[in-house]
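Per-chain numbering from 1; labels A, B, C and D assigned in written order.
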Amino acid sequence: MVDLSIRIKDLVFKNPVLTASGTCGFGEEIADFVDLSKLGGVVMKGTTLKPRQGNDYPRMAETPSGMLNAVGLQNKGVDNFEKNIYPNIKDIDSQFIVNVNGSTIEEYVELTERINALDKIPAIELNISCPNVKEGGMAFGVSCPSAEAVVRAVRKVYDKPLIVKLSPNVTDITEIARAVEGQGADAVSLVNTFLGMAVDANSRKPVLSTITGGLSGPAIKPIALRMVWQVYNSVKIPIVGMGGIMNATDAIEFMIAGASAVQVGTAIFIDPTIPVQIVDGINNYLELNKIQNASDLVGCLQI
Amino acid sequence: MKKTVEELLLIKNTQLNHDNFRLDLKSSTKLPQIFPGQFVNVEIKKSTEIFLRRPFSVLDVDYENNTFSLLVKILGRGSNVLTTYQAGDKISVIYPLGSSFSIPGKDEKVLLIGGGSGVAPMLFLAKICGLDPQNVHVLLGARSKQDHVDITAYKHVGNFYHTTEDGSLGEKGFVTHHPVFKSELTAFDRIYTCGPDLMMKAVAKEAAKNQVSCEVSLENMMACGFGVCLCCVEKTIEGNQCVCTDGPVFNINKLTW
Amino acid sequence: MVDLSIRIKDLVFKNPVLTASGTCGFGEEIADFVDLSKLGGVVMKGTTLKPRQGNDYPRMAETPSGMLNAVGLQNKGVDNFEKNIYPNIKDIDSQFIVNVNGSTIEEYVELTERINALDKIPAIELNISCPNVKEGGMAFGVSCPSAEAVVRAVRKVYDKPLIVKLSPNVTDITEIARAVEGQGADAVSLVNTFLGMAVDANSRKPVLSTITGGLSGPAIKPIALRMVWQVYNSVKIPIVGMGGIMNATDAIEFMIAGASAVQVGTAIFIDPTIPVQIVDGINNYLELNKIQNASDLVGCLQI
Amino acid sequence: MKKTVEELLLIKNTQLNHDNFRLDLKSSTKLPQIFPGQFVNVEIKKSTEIFLRRPFSVLDVDYENNTFSLLVKILGRGSNVLTTYQAGDKISVIYPLGSSFSIPGKDEKVLLIGGGSGVAPMLFLAKICGLDPQNVHVLLGARSKQDHVDITAYKHVGNFYHTTEDGSLGEKGFVTHHPVFKSELTAFDRIYTCGPDLMMKAVAKEAAKNQVSCEVSLENMMACGFGVCLCCVEKTIEGNQCVCTDGPVFNINKLTW
């Protein structure tokens, strides 16, 4: 029997496979397909203080081995989360993480405080990398000073594990990773989506209502993997890796490159049972290769 | 009804006209109950170019044999490749998805309007709603005779009318030009429609004006089909709603059309 | 009859379709498949002053809808180019452009001077974005001061059209584009490859000898298209767009987003007749849509 | 020989053993001349997962019918999907590619060593080189009997020997353990080999030691197959050379093995 569990700060995940924010709702939406308690964790849909309608339709374009989305953080706000979501998930045997968003530092802080009060939310993922909102979002995540400012402020009001989600739309992601590590982040998760665009050659218009959107899916995997490896070589805190993971092999590659855990996003749209298949696949891989602990894989790339 | 991901067996692929095919799919276990208006999300593996699944409405269900069928119109890359699948191929499907049409009351008189591949849920509904065929009126629109999809199995469910834009079958013009729609509209208790956006909007407008209850089935672009991506939203009076879970069937009084 | 020709400074291309550097050799290698005179132009394999052996094998990894390469500018140097390549191409009725590379500014300048002396080379593409060399290459292309320095130096010794090839591995590509425009670049071409990585889960080693490599192919198209559109909205000089173009529709999308011309790269590996098919496809599109000049498409995106 | 991109017709797909298939492809025009050792680069469209073409050596050519065949061993995703293609399917191929084996002199005695799918070019060479079958010796290695590919059509070209690692067919061990290799090596004027890297290196080592001319066929990873990407390089005494154009066949005295 191999040990699949991994640890971020003092938080233990029963296995390294989480679902990515914005791709699994609040968990309940995929409960028909999978037993949520088999997952290492669930990172829930990006939440904001106030309800948000998100961007106009169309919000999606298929691309080669990927997709663009321009959802824009549609969500019913934290009040609704507390009242209607939290009671349903709080007793499920997995780690439910809130993806925290704001347009201003004050909003990030206020929302974090609200989430801090919820006992059964063991960690937050601070999203400073959403490319689909006009204010805040990615703007915070592409420069060191602004990334530092948000993390510093949030860190003050939050003692539980703080995961900061990084944008790949930068020249040097290690710089940003080190910056947020310096402000006390307990882990970084990467990558969020790449800023992309689709054009309809017939109408000569953008496909998305917002012109640009966020690219996800296997198309981005090679870049995401490179970034995980680079960040692994420049920070000490654990990394949650993601970007195009479709199967156990992909997940294992991210772990070898330096990810302590992985998130599965767009793959869920293709098949919501993939995250659990990946848990099984990692287990088999470890057994086959006689590796005792999933954590032994992390960063074991032989150069 | 619980949603599942399942590999189904394609037992028959029938070409209905130049660009429409009927695919009959068989489950190896007991089929879940599927209601008219619901859809399935189909994986299309046999192409280098397709990444996401493609949604198709259910055309008919045979619970005895655990089969159901889809009506696939060739529109782009995915639908094109899907129609080349052959009996014996396996196809992964997520189903059953979405909301269904409301079932009419026992003595209600209903008008079902289908355009293009939108005829699929219309005919399933016609069959299921168990009304006296006298009370069921089905109006099918197409560009011309050769675009019309003839699903003869349904001929007994009610009264059939056709329109074609070039007049090669039935009345010439759009569905909204047909006498059954133009002059008898208020005689109906409910109108159901599925097809091109413009057609549904024209139908909805007249239905609203005449205060006849009207349900439409939307075909917004979908990434997941089961409510997690929030890509398929439609503006409603209650804000953005997901066509894949709150719909695809909406009563027009909920829409902002 | 539509007019396919486009213009960069005073240089006229008979149509907007060029082959991308490093994907068509020196043109001769694809002459079996296509009539080179049907192409708008050929951007030849990256050339350096001295011969280079490039990186060790393995240099390639297939990725979802794309590939990583780590060729590392293998080429026989400018002497060989003058002696053995130039005589063969100089009379072909297309525009043969040299892709100029160096490890230092001095090397860029010296090589440019050598190419300047070749009458039938109408333009150079200054490559400040190769991710596969240890010195120079991308290092020049990811910061404004270094990009400016190379372009300034090369501009002094080169009067013909100077196209500067930009790296997509930056936070804000418009900043770099404006910087090189400021130093007198006549056009920018974008994008070069994205820095990516592949890991072999079985051996737990990198797939490429260089660990990281450059990602190209349709996977990157949505990001490349976004960058072309952003740059179109921030510089006045023409843009040569590329990144994952596989067919005429893709090429037209780039033109609508703001590219005056396009380059076809990785697609050539799949089918070397694609560039010429794209010329025909653009022609048909223009006829069908009753657009007189290919140049009318450029930047016509309706927002 | 001019290289072309052509859509060929798959006229037959024959399963040879558990993981080897023979594909017979037909051109609608006159086949170009193809030499033993040359390969073709095959597009595999029927899969969401494949982007680049896949190279396969030519197993045999029939100029009369404008057909040639490939021997495809299932190794990964692409080869797996390719073996599911059926007669009637179209397959895009770039060909003919690469260098060929040198043709032996009239009275030379040759040893051809094939391992795994490396038997493909070996047998084509054996057939083409037009030697007295007495002088042609073919040594085929496999893991075990069930991995051996039996291409009976070739039985008349020369003397056949087999090795299997488990001894289930022919000699037990690697090809380099077979008597014809171990004790009679210097009796040969030329050795040709194609197969797994380790096998070829072992063969090359002995050939070099015994000063017998030896040609190997390399299978480096390729992106283009026709000399433009520079991805497939092998270190040679003249620097990095492209396996797809300077090779795949190299005389070992050119390599740095």
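Before moving on, here are some points about what is shown:
Criterion: a residue touches a chain if its C-beta (ideal position, glycine included) is under 8 Å from a C-beta of that chain, and two chains touch if they have at least 3 such contacts.
Note that this is a predicted model, so its numbers are computed, not measured.
The distance from the centre of chain B to the centre of chain C, with each centre set as the mean of the Cα atoms, comes to 47 Å.
With centres taken as mean Cα positions, chain D sits 53 Å from chain B. One simple way to say how far apart two chains are is to compare their mean CA positions; for chain A and chain B this gives 36 Å.
In chain D, 48, 50-51 are the positions where the chain touches two or more neighbouring chains simultaneously.
Chain contacts: chain C has residues 61, 63-66, 217-218 touching two or more partner chains.
Arrangement of the chains shown, judged by which pairs touch: one closed cycle in which each chain has exactly two touching partners. All chain pairs that touch, listed by label, are A-B, A-C, B-D, C-D. Only residues 44-48, 50-51 of chain D touch chain B when the two sit together in their complex.
Interface of chain C with chain D (complex): residues 22-25, 29-30, 32-33, 45, 53-54, 56-67, 69, 71, 74, 217-218, 266, 268-273. Of all residues in chain D, those touching chain C in their complex are 2-5, 43, 49-53, 92, 94, 220-235, 239-240. Those residues of chain A that touch chain C in the shared complex are 61, 63-66, 68, 142-143, 169-171, 194-199, 201, 203-206, 211-212, 215, 217-223, 225-226, 229, 244, 249, 252-253, 256-257, 285, 300-303.
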